[in-house]
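Each of the next two complexes has chain A plus one other chain: chain B in the first, chain C in the second.
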Partner chain A sequence: MVGAALLVGATVVILGACLLLVILVVAVRARRHSRNQRDEMLLSPLRPPLITVASGEDDDGAATEELTWATGVSRTVLDRNIVEMLTKIRGVPADQLVRVLEVHGAVDAAVADLTSRSTVRRARAAQLLGLAKAEHTVPLLVTALGDEAMEVRNSAAYALGLIGDPVAAGPVLAAIGAPERGLPAATAAEALQSMGVGISEVLRDGMGDPNARTRMVAAHLSGERSFTRGLPELRRLLDDDPDVTVRETSATAIGRLGRGEDVAILVRHTVDSEPLALRRACVIALGELGDPAAVPALATLLADADPRLAELAASALLTMGPDGSSALLGHEDDAAVRSARLMASLQRASA
Partner chain B sequence: MSWDGLIEGLRSFVVWVMDVSSVPIIIYFLLINTSLLVLIGLAYLEFRAQQRRRATALTWQGAGLAPGVSLLVPAYNEEAGIVTAVKSFLTLRYPRHEVVVVDDGSSDQTFARLEEAFDLVQVPRELPHEVPVRARVLGIWVPRDGRTRLVVVRKENSGRSEAINVAINAASEPLVAMIDGDSILEPDGLLHVTRPFADDPTRMVATGGAIRPVNGSRVVSGRIVRVEMPQTWIPRIQLVEYLRAFLLGRTGWSRVGGLILISGAFGLFRRDVVVEVGGLDPDSIGEDFELVMRIHKRMRDEGRDYKVEFVPEPVSWTEVPVTATVLRNQRRRWHRGLWETLWAYRSMLFRPKYGRIGFLALPYYWLFELIAPLLEFFGILIVPLALLLGVVNVPFAILFLVLAYGYAVLVTLSAMVVDEWAFHKHDRWRAIWQTIAASVLENIGYRQATVWWRLEGWWSSLRGKKHVWGVMTRTGFDEDPA
Partner chain C sequence: MSAPAGDPDASPVRVLVADDDADIRDLVEFKLTQAGYAVEAVPDGVSAWEAFEANPPQLAVLDVMMPGLSGIDVLRKIRESGHPSVPVLLLSAKSRDSDVDTGFAVGADDYVIKPFSPRELLHRVNGMLARAR
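Moving on, here comes the complex of A and B:
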């Protein structure tokens, strides 16, 4: 009897839970539909001035002024749309939309929301401050880089990137390797990318960080931004970093900004005791450097056991003018050389 | 022995079997359902986090650290759709990607179609031998325009795994995505699945994306323009299975760091890691599962800090079987692959160095994925027999069946809530009712048939029968199904 009662009870609970979930599915969809309809209805009278401002046609400021009059829920919906638009537009229209946000008190509210209990509110507040280029909030955003929620840390870094103040570069780079509360490397790299030339020292220091992701971002950006000041660190990372991804990134960076003396360093890492991916990265980097001093080493690699490495070496030699071309003599029948020549000719023809 | 004596003997036997097995089966039933509840809970936590991320999402166009991706597309007799597929892969939103098609000795016009569409020219290139390949490579072609990042390799026919291994050798980017030629990728799919690599470039080694059935949807030029429900019940029920597997199972496992299965229809890997472990095993039936297991084993054996993650965003759409014959072949293959891989990596079970893989994920797959059809088959046999012989209380048996299958429906409905809340891919209300109906109908006939097919696959492996790959009949995409 007890078993049967238990079975009936369990079945009723399961079937009841199924019914509840069906209701939940329907409710989730219905709520989304009604919310979309409501937003659309509230926004429709504001859409014409909004488009006028966003398209840069509000010369007399009348449309901007009209947008500042929005109140209540309409204002909330409008502000949300403005924030979305600010991720896509720049210049005067962006400034005018930021003014609307300021008049609505959205910027001040965002400062207050940075300490909200809701993760989403904190993250959105940080994003809004960045989009509004609220420079006075940089210290607050730097603090938010250590937030417990990854979304908030991400948004703070994004905002700091939009504001572009190099003062924040150090904290952003350091946040990548923060224990338990690390900042995703991609977000940090994008933020640092927008911070101007004042970050070269920070990147140089970052290449000595104990965290491999931090070193990698610093090495990558040093190459991307051609910060030659970081060359000694890049050479050191290529030589002896324990992480092969960091070494490859350093090789690529040296290829972009290196000098004649870097040929020997890159050549040193094309030997077959090194990981293949690193050897290939170094050969590509030698081609990027384009220094004729690399020709003998590249010529030797034409006979390498790895056909891709040989082809990369041939491609590099083809970009090195007469010195490189003469090194290819005697190798005309090599598959690597023929393939590199064909690829180069196809690319030339399409240029 | 008289007929009555035989019946009486059978009755005693069934009673004895039920007495002996009832406690273990109830324990198993409780365990499997509890583990599913735990997975639902984990998936819920993951989706809450995902939803927060989505609500605060930042536009990422793959600038900066986005690693280059080689899309590896094995093709065997795909003349109908290969050009459309390659064009759609080439136009994905991603800053740096190439497409590597390997024509696996097709006997139709697969290569001719590619050659004509992209004006291919043969390159006298020798492929690296980083991953060992048995079949002979016949040649390599690239588009004459010198810009389109496409490489076409022709080889002798030797199967999908070897074709992918050749493609790995031909790939030049640091990440490789294994894709079926008939799959359709979301325009932003690559941005979604590469993001974990950009966020954690030194540790991430593999990511998998969610796969959805494309049957019934409107597809134009390799892009889905309207998501619709499949037209018939077999693919509709598979849609329900995919929802469960991807939105609850893999999301939950990813949350606890125990993801051991990345679907062959779409998986993204670090090329150097795949090369290091030797590529796909051409002799394995469950080659995708086997590859992920081999990566886990290598990383843990060497004490390396690494990550394998699942991205629940729908990334890839694939055509699922519409006939019982093709479905049977697929399920036999899947279960055989599951058994052979679990058996091959049995040494990882309950070994501290394999952490959650050895203590959680693998035991779960042994107990609740591999053995489940065996126990379910036992139930399918014994319950009707017991009812026939009158040794079981009929209302009790019906109630138990309603409870067991009701629980399965509950799990599906949980996945539906997650899907509606996070992705809501289906616009029409009708889709909701059809999905609910499919989750109920799944338990009437379909489930029992798949149990049998899975056991067939397992049994053929135990008998050492050679696996024969069936033909998946494609209905093609470039049509309006309405």
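Moving on, here comes the complex of A and C:
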């Protein structure tokens, strides 16, 4: 009897909770829908001048001026749409829209919002400052790289990348290894990519950083951007780094920008006492380098116990012209060579 | 901005614009219309293919990532349906080399990465049409 009453009670409580949840979801959706409708209504008269400016057709500045007149909630809604538009266009129209944001005080408000208690406001503020390319706020965004919230740190790095001032490269790279409040390596790399050639010295220094992820990003970007002055550091990392991922990344970077003398260095790390991932990275790098001096070492690796490594060696040889092709003679029926040839033909077909 | 070259009495060059982003759709339509083109703008890949089949344009600007049919799917259909010479420009936020390679491999004549300059887009459209004549 008591058990049945308990069952009924629990069922009623669960049903009640479900009902409350449904009501809550419906209410939130209705509120969002109503807010979207209000925003659309407020934006409606401003949409034509916004599109005129965004398309670069506001030759006399009349549409830009019309946008600057917006006030109150309309201004807030418009500014939100301008920020959204800035993620889609660049050039003179983007500069004109930034000018509207400045006149509205949105850039100054974003500076103030960087220290808001709300995480969302801080992250949005950093995004706006980046999209507005507000160079004078670089020091504030560098400070935001150490924010307690990951989304704010990410947003600040993104903004610094958009602004593109290489003065922020050091702090962005260092933020990867910040204890407790680190920046994801991919986010930092993306931001640094946007900072031009002025970051080469920062990357060289970064390859000596105590943090492995920082060294990895510095090595990766040195290869991506073809910063040949970083070659001595890349060779040192490949030889000595305690982290195998850093060594792999360095091998890949050397493959992109190395010289003839790097063949011997890469070959040295294809021996079977090295970690397999590093051996594979070095073989790929030898193929990228394309120096025929690597042919004898690659030919030996055709018989390696690791089938993937043998296939990579065959692929590398296929890229080395007559010298590489002659090294494959007698191995035509090897699974590694057949597989490499198939991959090469597929790549040619899709190119 | 310069109008498309040609006889001023001739009917305007028809351009199909497909993008699920209303901002981009509207501003590209406005930009090209101001330049003298007759633009049909649609919000997805299925509508783009239907519009193309119903009345093939002289040029198409296709977003790559659209619901239903992607811009790549629409481009493939255009190329397979006996319209190899209609210039197609792909407009996309996908900026990796492999994305661009795929676009050209399927038959795009040009590829513009977002965020983009509307002025540059117009120059590219003008150039593609001039070469197609």
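By definition in this document, the second predicted complex is superposed on the first by the 320 of 351 C-alpha atoms of A that agree within 3 Å, B and C clash if a C-alpha of one lies under 4 Å from a C-alpha of the other, contacts with A are read in each partner's own complex, and residues count from 1 in each chain.
Definition applied: a contact is a pair of C-beta atoms (placed from the backbone, for glycine too) under 8 Å apart; a residue touches a chain by one contact, two chains touch by 3 or more.
No experiment lies behind these values; they were computed from the predicted model shown.
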| item | value |
| --- | --- |
| Which of chain B and chain C A:57 touches, first, second, both or neither | second |
| Which of chain B and chain C A:17 touches, first, second, both or neither | first |
| First (chain B), second (chain C), both or neither touched by A:85 | second |
| Broader residue contact with chain A after superposition on the shared chain, chain B or chain C | B |
| Which of chain B and chain C A:94 touches, first, second, both or neither | second |
| Which of chain B and chain C A:336 touches, first, second, both or neither | first |
| Contact residues of chain A, present in both the chain B and the chain C interface | 87, 350-351 |
| Residues of chain B that touch chain A when the two form their complex | 52-53, 55-56, 58-60, 63-66, 121, 123-128, 130, 142, 144-147, 172, 174, 195, 198-203, 271-272, 275, 396, 399-400, 402-403, 406-407, 409-410, 413-414, 416-417, 420-421, 424, 429, 432, 436 |
| Of chain A, residues touching chain C in the complex | 47, 51-52, 54-57, 81, 84-94, 350-351 |
| Interfacial residue positions of chain C with respect to chain A in the complex | 1, 21, 23-24, 26-28, 30-31, 34, 101, 105, 114-120 |
| Chain A to chain B touching residues, read off their complex | 4, 7-8, 10-11, 14-15, 17-18, 21-22, 24-26, 28-29, 32, 87, 119-120, 123-124, 127, 149-152, 154-155, 158, 184-187, 189-190, 193, 212-213, 216-217, 220, 224, 243-246, 275-277, 306-308, 311, 335-336, 338-339, 342-343, 346-351 |
